[in-house]
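The structure's right below; bear with me while I get my questions together.
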């Protein structure tokens, strides 16, 4: 733990990761509606966490630790979008209202809450 | 083919996790992975070829990281500056991708990128509905997504 | 979960084996690093619960093939029995026994009664958690 | 190597696990139930024999010397309690054969029964105070499950209170354990006793003792912590109620005995004085509660509380005689309470109710049942020549010899009120004529045969015989209690046996 | 002697088996046992009369000084003879009286068990054994009074008798235990020799009061007399045996037995003679007032018991001789009269004297027997009752205290008893024939043998008083005195004051009887007083106890979980807090070495906990609990517990999942409580919080011993082959904990499975009833 | 240098935790709370990483692995609840 | 640090009991959850806190490198956590079932078995 370059990289990664997570946290407070807040948390948050984990790998510079760090990042990358997807989808369908500044909503009209079928809008062209 | 590939991946993960690269350990990891897959194999459809995809894969990763950095910077800027210049909306993007795996990978990559979030896939799997933060120009946004999709499919298809 | 969360179900097929693998990893390394039967059992249970959320009760039961209560019963039995080998060697109950059997091709492996015990814990936790969650989910449907 | 101490714990654990594995095979479970509890009784008797011959029997689990591993240690008290557990387990198992609804068997009656017994014997035989907590929880969760099996409304209502208050108690216990470990750095009770004795902070020890007192007081059902007991004990099927009545609160009492003879004896004038007050108030409130009830199981439930008072009194007086009496009281009360519940179950089988107003004619048509009721009932009231008398005699004599007039008065008054409350069951259910509104009295009148009835009578008869035997042929039992009291009052032998050469 | 006592129990146990095999005449065979016992005890007469005593003992429960010891002296022999003798007659009598009754076997069981208990009582030389037999007589008596158990009156009377006698018995037990402690022995014969020391002891008065409470309740002394007449609900043979000749005399026996140890003090004399005198007079008065034949006899029994108590109290040599004579006389005539009353009831179908008349024609033998015994009751010569009464008057006149008062009461009693005797023996048999429910005819001879023998003995002993007097009565008096006494009994004592008083009493009695109807009328007007009498007091006390019980139980066991939790928490806070404040003298941990992020995590934990408490959103609370869990997990990491942290996170995650699964079926958060309740609950919770904080501050302040875990750290690798010491502890050092732990988890799963899956709806539970709600 | 970075990052994470908890408490409605919880678990992962560096204890990383693999399960559970039509007011 | 933790544990206990005293069955569950957390934290604090030194012996070593945290309370708390978890799972379902059977979430309406 005496290599200054290594320290520099570690510190940079840490600060980057911490900064991203802080931004995610600010975002979740500041942004206007759920979906926009999710843009901040599930991305910035996870990326930030991944960066700090990477800092750990650099810091220890040890095969076992690196392996574990890689695993953590892999797991984050695999699970974070799933969480974002299920929450986003669920809350959208559960009628969590969108921010009034939302410019466009192509999904609502394609969704049939009775049958839970989500149409693509391309079905009619097929029939022609 | 895919089960086998995934199996190898699992064995590798095992070796990595245990940080113990011996024949015995690799074999053990393979067996464990095999057992785990055997449990779910009835649910997994096949997928073909993956041999020449490594270089494309590396290229893709670099592209993706760059995209991610850009998006993160933009969100960060918007979040920390007092004015919040966002134009969110839900957009349906028609898909080229057709297999479950392709759609999922694409959707997850979209979700992982700040500024876009995959909400759902239409029941006939032809349209991906995306919530996006910045839809100033819808055509440009479509193009961005299509570009990502092309690169993904290039990696994933033989 | 309503039908057609393609993303979740596809990811679950990938994540479940990963979680199971990871659980075994946590189980086996527990003696030397953080982990152990209980933690591993919960990780494995979480994998199955994810599967349950994505595919429903019937699919999960089909996946498991055996009643989770039997898994728990087997785990408990194994845990109790792991206390007994000590008797064969004239030691008090629960005295740890270490065997180093040599297998062809692989070589010597380290097997111990605490490991058997931990596997018992692992199975019990999986069986119990799944019993609880599956019955709850079933009651909901 | 003393397998004898481990067997009464491992046996029911294994049987519980196997019964769970065999959850589809009811006949196998029943066989395992009866033979397994029988084996448990045999194992416990073997243990008692070992203890009687060799003194405290100790087993260091995993070959880790005390205080580093978990040590099982059986003295006469622990071993006797294990024997009673086996006995009650067997009685309940046989009785269950005839009374447990098929649905209950399908949904876990048998594994729960075994595991409840395992928790109880574990608590009696462990020499480690944290391990005691674990067995408490095994016992509790098994009882939770047994209590709610069947899902009746009353069961649910009772169970909420039972669970909430017992959980509170467990948390107090756990907190006390944490503080104990923080102060003394050990969990082995013998080691703890030695280290507590060396600590020169009586005030602090009293504080700690008060925590244990409350935690175990809840489990024991002492005043004013007993609410969970009458709220729930009458709600499950009667075989389960009987088992609860016989065993559960006694584990709390046992723990008080263990802790307040082995560990907290630094200021008997304070701690045991509190126990004495609790004893008196427990007796009185319990028996008054019984007087207020008109349903057999509820009457007996409150009587459980009242009896706890006598047991606490024996401990609180802290003389050899009173302790012996208290322990004899514990032992005999276990048998008495379960017998009363089982008799109530037979009455229910014959007349379809537990409410006094709906009962009658039992003495006319079932005189044997009358005798089988009177024996435990009169023993409960402490009348000679039954086991309850011998126990109460010893306790009260202990109080008089200590010139504790107040508690003597309360104990005797409670005896009278107990008689009054329990004999009302006799007056109403047995002596009164068959009420006109009683329907379906075919079995009662002997017009219809009930093939399962003998399985209900059998354990009751054996237990009632035991009550009579302990009363009439009291010396071996009282002698055992005296010897057990001697062990409790001279904990050095226990400490030496547990710590062995590892002592500093 | 052991066999003599236990044989009764053995035969009783065999009755249910024997009776069906022996048939209708079983009673005759059963009567052989008491008859044989009478003969057996009779063989002791000469020796005992000569002043010899016998003692045998067998160990029973040495640790409790409980010994099966028997001691035979004059007093014991007198009682033993009465018990076995009258027992034989009653058993015989019952075989006719209860002919055809399906419950007959139960009767024999109880009566034989009773007899054995009674023998044990009077023969015991061990206080505790005596008490055991004492209580056994209460129990058997209870069951016998309730023989006709489907009658509400019989049940009530039985319960009343049981409560009073057992209540007194408990006082007696306390008294005995005190006596044993004070006297240093539980052996009667030893205690009797240490009377001086016992009477001088500080505990003498309390122990005397306790013993007297036992004796007085059993012997129906005022104010406990009310249970005895009610006990007449029992079959007549039982009344004859238990409630006149034997059990009720147990209390008197005890007074006599303990006289050498406890008697002779001012307290003893005053208490016994006053209670006895008042009881005597009250009994006689109530006897005259009653019209039911068994009630008249019962109250006259109360009179006799009072007399005996008084005599035991007076305690002079004369009184002791009078005691023996009166006791014997009473047992003979009262036993006979009860059996006669039973015969009347059995043959004429009524117990009411007013419904009888002129029965001498139909039942001549009965009439004669009644007359003889009634004369003895009235205390007329030449019957033995006369001798007893004369001796009693003599004793009263010479009483050490209150002689005039006692004499006046004795004379008044004498007059009333004469009237009562008239009511029993004259009224039913003479005068115009009355229409009785049954057509009267003479009783079978099995029912006549008893009264005949007893009446004959009354006459015989009256004519030849030396026959019992010189031997048995002397020996009895000697037992009371604790030293040899020589009694000289004679019909003719010469013209003395007792005789004059007797004459006065008889004259007044005859006058009273002639005006019986009017006297009763006057007395009935006073019956309003009964509403304030002891029986009403007993009823009110029992009712009040039940009411108190109900009210207290409603308050304590009120069904509200919140109140249970409050009480429990306040008990904890009170007990531990009080101990802490008053006993603890040490310090508390101080010094804050906290990093800034630790402050933040702590704040997060507090905020999340408080938010969970205050939010109206259920899942908000769930998420908040999740945050609490994460904070705890962070603390585990901060303080070096990665295993714990992992477990905490996993458990927290799964808890949230379970909560979410369960909450789906549950309602919203409701706020049921008022602000005041919230404030109160907040105070309770706050107190607990403060207590826990204080405890923890103490716990970390001290470290009395090095933790044993140094060993675990040192040996994990070399001995247990593991580097993660926590895991090694879990699977090796303390595997048993873990074994229990996984069983808890599995048990929870079994419970959950059953709760969810158990098929609901009616008919699934065969074992439950409507009482659940 | 690295010590300063660690303190800074810890401070950021602490602020992050406070803000995320604010959103969790504030809601409105369940999805916002879930998202906040999700963020808190990310912050905890970051915290663990920093703390592992700070204390030089690599074993803490194992906590982060479990967290990374399983924390999303709570979100999936909540999402399932919302989709199944659980109470809206949560 | 311990004094802060002591206050923290006290507050957690207080909130737990406060929640258990509310009449709503759902709040009871929240209270029970908090209670077990509080007790575990109490145990953890009472047995002493050590920063940054988990009781894991390095690979190849026989003894811990320096002073490490006490492993025994950790193992005990782990057991306690698991037990509490089992009990809590049971209690949760019990509450659910009780609500189903009684059709009320007001605990004050569940008093029939006592009186």
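So that you can tell them apart, the chains are marked A, B, C, D, E, F and G in the order they are listed, and the count of residues begins at 1 in each.
Note that a residue touches a chain if its C-beta (ideal position, glycine included) is under 8 Å from a C-beta of that chain, and two chains touch if they have at least 3 such contacts.
Keep in mind that what you see is a predicted model, and the values were worked out from it rather than measured.
Chains touching both chain A and chain F: C. Chain centres computed from CA atoms place E at the largest separation from chain B. If you average the Cα atoms of chain C and of chain E, the two centres end up 61 Å apart.
Centre-to-centre separation between chain C and chain D, using Cα means, comes to 36 Å. Taking each chain's centre as the mean of its C-alpha atoms, chain A lies 12 Å from chain B. Taking each chain's centre as the average of its CA atoms, chain D and chain G sit 28 Å apart.
Counting partner chains per residue, chain G has residues 20, 25, 28, 38, 40, 42, 44-48, 51-54, 56, 59, 72-73, 76, 78-79, 82-83, 86-87, 89-90, 93-95, 97, 107, 110-114 touching two or more of them. The residues of chain C that reach two or more other chains are 1-2, 4-5, 7-8, 11, 14, 18, 22, 32-35, 38-39, 43, 46, 49, 69, 72-73, 76, 79-80, 83, 94, 96, 128, 132, 136, 140, listed in rising order.
Counting partners per residue, chain F has 10, 13, 17, 30, 34, 36, 51, 56-57, 59-60, 62-63, 65-66, 69-71, 73, 76-80, 83-84 as the residues that reach two or more other chains. By the definition of touch given earlier, these chain pairs are in contact: A-B, A-C, A-F, B-C, C-D, C-E, C-F, C-G, D-E, D-G, E-F, E-G, F-G.
Touching chain E in their complex are the following residues of chain C: 30-39, 42-43, 45-46, 49, 68-69, 72-73, 75-76, 79-80, 83, 94, 96, 98, 112, 114-115, 117-118, 120-121, 124-125, 127-129, 131-133, 135-140.
Contact residues of chain C toward chain B in the complex are 4-7, 9-11, 13-14, 16-18, 20-22, 24-25, 29, 55, 63, 106-107, 109. Considering their complex, residues 1-2, 4-6, 8-10, 12-13, 15-17, 19-20, 22-23, 29-32, 34-36, 38-39, 42-43, 45-46, 49-50, 52-53, 56, 58, 61-62, 64-65, 68-69, 71-72, 75-76, 78-80, 82-83, 85, 88 of chain F touch chain A. Residues of chain G that touch chain F in their complex: 51-54, 56.
Those residues of chain C that touch chain D in the complex are listed here as 67, 69-70, 72-74, 76-77, 79-81, 83, 86-87, 90-96.
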